[in-house]
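Two complexes follow with subunit A in common, the first pairing it with subunit B and the second with subunit C.
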Partner chain A sequence: MVSNLSPDFSGDRVAAIVDELVDLEGPLLPILHAVQEEFGCVPQDALPVIAKKLNLSRAEVHGVMSFYHDFREQPAGRHTVKICRAEACQSMGGDRIAEHAKGRFKVDFGQTAPDGSVTLEAVYCLGLCACAPAAMVDGKVVGRVDEARIDAISSEVRS
Partner chain B sequence: MTVTVYIPGDSGALALGADDVAQALADEATKRGAEIAIVRNGSRGLYWLEPMVEVATDAGRMAYGPVAAGDVASLFDADFLSGDDHALSLGDPGEIPFLKNQTRLTFARCGIVDPLSLEDYEAHGGLTGLHKAVAMTASDIVQTVTDSGLRGRGGAGFPTGIKWKTVLDAAGPQKYIVCNADEGDSGTFADRMIMEGDPFVLIEGMAIAGLATAATKGYIYLRSEYPDAIRIMNSAIGIAREKGVLGVSVLGSGKAFDIEVRVGAGAYVCGEETSLLNSLEGKRGVVRAKPPLPAHEGFMARPTVVNNVISLASVPVILDKGAEYYRDFGMGRSRGTIPIQIAGNVKHGGLYETAFGLTLGEIVDVIGGGTATGRPVKAVQVGGPLGAYFPREMFDTPFDYEAFAGKDGLIGHAGITVFDDTADMMKQARFAFEFCAIESCGKCTPCRIGAVRGAETVEKIMQGIEPEKNIALVEDLCNTMKFGSLCALGGFTPYPVMSALTHFPDDFRKNPFLQAAE
Partner chain C sequence: MRLIQETDFGTPASRTEKTVTLTVDGFEVTVPEGTSVMRASMEAGIQIPKLCATDMVDAFGSCRMCLVEIEGRRGTPSSCTTPVADGMVVHTQTEQLKGLRRGVMELYISDHPLDCLTCAANGDCELQDMAGAVGLRDVRYGYEGDNHVQTRNGDQPNMRWMPKDESNPYFTYDPSKCIVCSRCVRACEEVQGTFALTIEGRGFDSRVSPGMHEDFLSSECVSCGACVQACPTATLTEKSVIEIGQPEHSVVTTCAYCGVGCSFKAEMRGEELVRMVPYKDGKANRGHSCVKGRFAWGYANHKDRILNPMIRETIDEPWREVSWEEALSFTANKLKSLQKDYGKNSIGVITSSRCTNEETFLVQKLTRAVFGNNNTDTCARVCHSPTGYGLGQAFGTSAGTQDFDSVEHTDVVIVVGANPTDGHPVFGSRLKKRLREGAKLIVIDPRRIDLVRTPHVAASHHLPLKPGTNVAVMTALSHVIVTEGLMDEAFIRERCDWDEFQDYAEFVSDEKHSPEATEAYTGVPAGELRAAARLFATGGNGAIYYGLGVTEHSQGSTTVMAIANLAMLTGNIGRPGVGVNPLRGQNNVQGSCDMGSFPHELPGYRHVKLPEVREIFESLWGVEIDPEPGLRIPNMLDAAVDGTFKGIYIQGEDILQSDPDTHHVAAGLAAMECVIVHDLFLNETANYAHVFLPGSTFLEKDGTFTNAERRINRVRKVMSPKNGYADWEVTQLLANAMGANWTYTHPSQVMEEIAATTPSFANVTYDLLEEKGSVQWPCNDANPEGSPVMHVDGFVRGKGKFIVTEYVATDERTGPRFPLLLTTGRILSQYNVGAQTRRTPNSVWHDEDRLEIHPHDAEQRGIRDGDYVRLASRAGETSLRALITDRVAPGVVYTTFHHPGTQANVITTDYSDWATNCPEYKVTAVQVTPSNGPTEWQVEYEEQAKQARRIVHAEPAE
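Coming up: the complex of A and B.
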């Protein structure tokens, strides 16, 4: 599986990303996505570089970045497990699965395991509501998740 | 002879192992020297049968499902490539009652065609609507859409034609078509299915909208939670550009239209159109006060059509077959068809496109077949996290915008989430507030503060602290949120809360001490 860990931060690389996307109408979200793709997060050091190029204040860029659940300041673990916490999944025992996952991974939602192996995240709907409960492991969708499946995912991400 | 085998690439099917099945089929075919061509189609929307494998035989398509990778060898043994019998045989998929009884206009091709074959799309009636639109004046296109009675399928139900007319009449150097593909409501997946299963129909609908309003640029604001839809949509746009469906001269008309996919970043509120526009502009996804309407000052303060995926994807069939054809389906002021998404704790979950007017009971009990757990249905939430919970006593409500509004509910994006009798409606009410608190954009006070206080107050009721007083407080708070919020997030959160309180009062009056002793 692919590692999410960030390579070393480079302001020049951020500047290059901005140059590539600056001509889009409303380029900031595509830029933040691209920076996160590159470094596994949007490092605080990237904000002034983006701000200067877009003629915004650093605070404005930070305001946008921090508004959206997707953008993170720190890189995630080597694996990211997202578990849907919304109603359709609740109706199929999603709360129970979420508790089981917390116990298995030994982290709460929004946290990364101390060994850096996995980040557990809550997500509100993956559009898999007819095969609930649903989860996403490193971008791959999983339906009808049960305790055994969580256990299997757990041994996979810890290996 | 090469046999075509269809294995859905729809993410619902992928979540149930479709990729493993595809790999196993390819391997087994190689091993046995069988010549097969695998097509990754969309899903037909029968999710309890996914992954559903179909084979093109001389007698038409034959379906098998749900297929696991481990079933593949036995399928070959049974000669499924000739359509022969197997324990997983479903016969002609079109004859499965769930599918046969639908009226598929918007989803006519979904699950049948190769989503990334424009030839396949055209062979199944695609682009006919756009060809007709190219030969029409802008105002005639708008009139056709108005006459069809099509209303916004995102949830608000605003007449699509009227919105288009406002943009057509608005002056501006640049106009935009923005497709709202931020399908964040739990229990809904119609947008995802059409983008993964028939992306060209959305492209065609957007191009028609462009011709109708003199907009030359379209954006699809697609949520990041849908990586498969993003990939397929981007590929389809590339093909459409290559083949002249998009670009400087749409189908040789001399009129330009192009589309770009923009990926959201996990904010539910961006499904609200003004917050979506701010997000698209690279700002915080904060709701804007209206007026000005987006039709006058939308993206970059220019005239903008903001339509849901299903609204836009329903336009090609209207242009192709005429306004009357579409309008003749439905009831009252709800015209045409609606792709109902049956989800949650339900035996036969999936997508069911039909004319408006079925009762909730028919949808849940007959079509959905009751709960997956086999327990009695306690409640169904219609319209996503901001929709009301309906008890069985209200299952005679017909699926119609006005009928649902009349019962203090909403159709929303037409998702129905079924709960069995183990559901605790007080917990669901608390969740509605919690969700609103997590997703509030923070602009208006009733939503930002109200949601937090609401969750705290329901928590108190749960702990048995002055329950009657706190229930009255929640009701009062709901009233404030309903009338004092700027958008549907704060304004509609009272629907799930109040419906839970009204229809399931006993769930809020449990003695916590007795409960603890149990």
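Coming up: the complex of A and C.
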């Protein structure tokens, strides 16, 4: 088991989050969201705490957490840029945009820039096919992305 | 002989009685409502291709191989998830279906290695079979794309590829062969109930993950092997299959570990055992197993196993290997001369709860018919003798009232003094399954056993009583039920003696038995106890399961009676889902008791003083049977120290390690002149033996074991005895060397003798066992098919007997010198004294006994986790390493007794049950102090054992 404690990780805090949400129907997803909200990621050491409190196995919690790409094991950079890699966007030049973004941010998909400024992620359909290629910057969707927009986003997140 | 192939119906059987009729490929088939189309087709003999379905787990519908067409319905539904309907017309093979299946198969194979010829599953691979079934001839996608198969993609390492996980000693996990059917994950959840596996990731990233992407050994996995059995490919494979290859024939037999008595197919290649696979038709285990039964059989070939007879004049000499003839004549002469010098009562036997009914019957016959006394006892003395006595008094039979299937109908379960997930794992899994379905659980145990809280199971009430206060707690439960008027009066009036009940009711209603009054010394919060009593009395079918935590006390028999009272009080006797269920420790402890192993009882629990019973055996055996009961184990040892008991034949038991007060046992054995140990290994008792007769394993003989549910299961020989003789043959050789003239040529003849003499076995024959698979005694003219549930219309003794159960505190009390209470137990991976399991890789899970101690008690004594501590009682002292945990309450410490080095029984005292002498293992006042290593006794013992185990090998014959 690899331990990757985020600096502020606290088992007690995770336990407190679970206590707050345990009475919800199907509490695991809200708990994982709340933990990520608190620590910027779901540290692996949080999973056994959650499992024990909910009377689940470690495996089950890991299975749920790893199913959802948005739950991170490591905190993201200060900004998150997601580029749609699904069919409609690909047909509108998404591949070219993706390559350009990788070069521009100097990271691959799923990676965070060494200076912690930005995390680049692939996403499969943002529901914005009419404005393909699409992207999402810190939770806000951006349509008709081209190289110039990527450059603009890049200077924004690096500033 | 051939390899037994059990039909896989794809989905579990439906339990409804209503049937529906449908047509599958033109054939009409009638099945219970709720059956899947897949299962119905299989019933009709038509196998629909499938990968993710298997009948040990519920339908999942993920593999898309089992699609069918149903007239009048759109699309191609998956047959595993579609229930049958009356008049349904199903087509399993159409042009459209063929194309779909082949397409799906192509995708599977495009991400699967093509190494079938060198693959361990070759010949036993469902993926291979299905590729054949759907006529896969080509994979249009090629194998070059994204995959989990190759270590490298071109010049880049393949990030999707994962190395084989070989951490588990018994099986391997090869992710590159996984088709993500989830069968292993579902088997772990639904069958075993551990939830150690999951599918991590999603889409093409999905892989099976033990724990949180851990290896199997460090995950929550308990190595039951259900996942390996469920896997349709070579992803999860027994290491023995990888080493040896596929088996070619199999034989159904019965596991020789605990009292659950699981049926297994021993899958063989020649005389080599390849693997044990639990048998679906096994009525105790229903196709499930634990780590011991499935995997821990390597001891049969362990280098420590002794294969030649050995003798010595005195125990400080080394052993001398001799021929069977010499060993037997040496033994017979010694025994005869002892009887001549010291009287016929100076020798005796101890029968084994590990051996078959037939073997046990012969050993007690040896002492009764050949030695001419009743000096026979068995290890049940030290475990469930109070069960025999207590239930005999209350109900009229010395056995549990139910079968294991009964748990599927129970609504409230009391588990008292038992730890099923460790001690009786397959029953534990069946219980957990019922609890997940909604049954309620009450745990009465000083320790927080796993069942109190484990994924998806939580006890409604845990009553953490102080060791030794069982009677007070059980009586307090009855107090609440009687005083709150929650008893089942109709049942009591009809089935029990009403006057006796009124006496009993008056007794329990006394305020001094109330939870509030007893809380002070039981430590159980009164409110919690009241709530538990109300739940049990009003929650529907109530069943009580108990173990040695009940019996191994000075008031063991009283607690058993209190349990019987509680069951009668609430009307929980005589139907499925209820009852009193002792979880018996050893594979054949029920059988060894049934077979007349006790000194006062002939087979079938009939007192030896009864002339009409003696007459049955006397006329058959042509001897006179002593009407006086013989000696119990502790009496034999006392008599040995006094110089009146001189010789003993011990079959398959290690009394030095397993019996209480080791010093006393050692002194008794040392005082004897002829100790004969008949065992697989030079066990601890053999250090004091003069004759060692090598034993045979359960794989090497025919016979029967009787499990905790009175089920008589066949044990079948799958290989020749490595020592030359099955154990029953050795006993016969010894009897004949003593002058008897026994002529058994097969254990079935012994069973005929048992049936002829013992009413509850009257109709048991090997033919019947062959036909039915197994039967539960009583099996006679009144119950020709056996008796799954007892006392259905009335108690065996007539009216059920309420017995007053006054709590008397044990004399073993804590005080300033010994302020803590020690209680003992066992762990999943090890079995009893560990003679077998320690000689298997099971020791990776538990390689030493640890002392569990509460953080508070540890801190007071300056003990840190893992420190060596000295554990001392009035009887003796030993040392072992501490494990700090809040599973035990403050004031209580706990250990297992699987390792001889620990010598936990040096600590236990000679206090015992008032009725049966069952030792009080579960309560010993102790002190724990820091220590820096083994005690003097441990060092001396180790040295003595080393000396005593020296062997001079026989010269090879010319």
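The rule is short, and it goes like this: the second predicted complex is superposed on the first by the 152 of 159 C-alpha atoms of A that agree within 3 Å, B and C clash if a C-alpha of one lies under 4 Å from a C-alpha of the other, contacts with A are read in each partner's own complex, and residues count from 1 in each chain.
In the analysis below, contacts are C-beta pairs under 8 Å (C-beta built on N, C-alpha and C of every residue); 3 or more make two chains touch, one makes a residue touch a chain.
These numbers come from a predicted model, not from an experiment.
Chemist: Return fit or clash for subunit B versus subunit C, each positioned on subunit A through the superposition.
Modeler: clash
Chemist: Give one of first, second, both or neither to describe whether A:L47 is in contact with subunit B, with subunit C, with both, or with none.
Modeler: Second partner only, subunit C.
Chemist: State whether A:F71 touches subunit B only (first), subunit C only (second), both chains, or neither.
Modeler: Once the two structures are laid over each other on A, A:F71 reaches subunit B alone.
Chemist: Quick check for you: in the superposed arrangement, does A:G63 touch first (subunit B), second (subunit C), both or neither?
Modeler: both
Chemist: Please work out whether A:A16 is in contact with subunit B alone, subunit C alone, both, or neither, and reply first, second, both or neither.
Modeler: A:A16 contacts neither subunit B nor subunit C.
Chemist: Tell me which of subunit B and subunit C touches more residues of subunit A.
Modeler: Tallying touched residues of subunit A, the top partner is B.
Chemist: Determine, under the contact definition given at the top, whether A:G143 touches first (subunit B), second (subunit C), both, or neither.
Modeler: Only subunit B; A:G143 stays clear of subunit C.
Chemist: Mind checking 255-263, 471-479 or 489-497? I need the stretch of subunit B that runs into subunit C in the superposition.
Modeler: So the stretch of subunit B that bumps into subunit C is 471-479.
Chemist: Which subunit A residues are contacted by subunit C in one complex and by subunit B in the other?
Modeler: Overlap of subunit B and subunit C footprints on subunit A: residues 63, 67-69.
Chemist: If we count contacts the way the header does, which residues on subunit B are in touch with subunit A in the complex?
Modeler: Listed in rising order, the residues are 11-12, 14-16, 47-48, 50, 183-189, 191-192, 224-228, 260, 262-268, 279-286, 299-300, 341-346, 349-351, 372, 381, 384-385, 415, 417-420, 423, 428, 431, 435, 438-439, 441.
Chemist: For subunit A, which residues are in contact with subunit C within the complex?
Modeler: Per the stated touch rule, the residues are 1, 44, 47-48, 51, 55-63, 66-69.
Chemist: Show me the residue ranges of subunit C that touch subunit A in the complex, using the header's touch definition.
Modeler: 194-202, 209-214, 218-220, 453-458
Chemist: If we count contacts the way the header does, which residues on subunit A are in touch with subunit B in the complex?
Modeler: The touching residues are 24-30, 32-33, 54, 63-64, 67-71, 84, 86-92, 123-132, 134, 136, 139-144.
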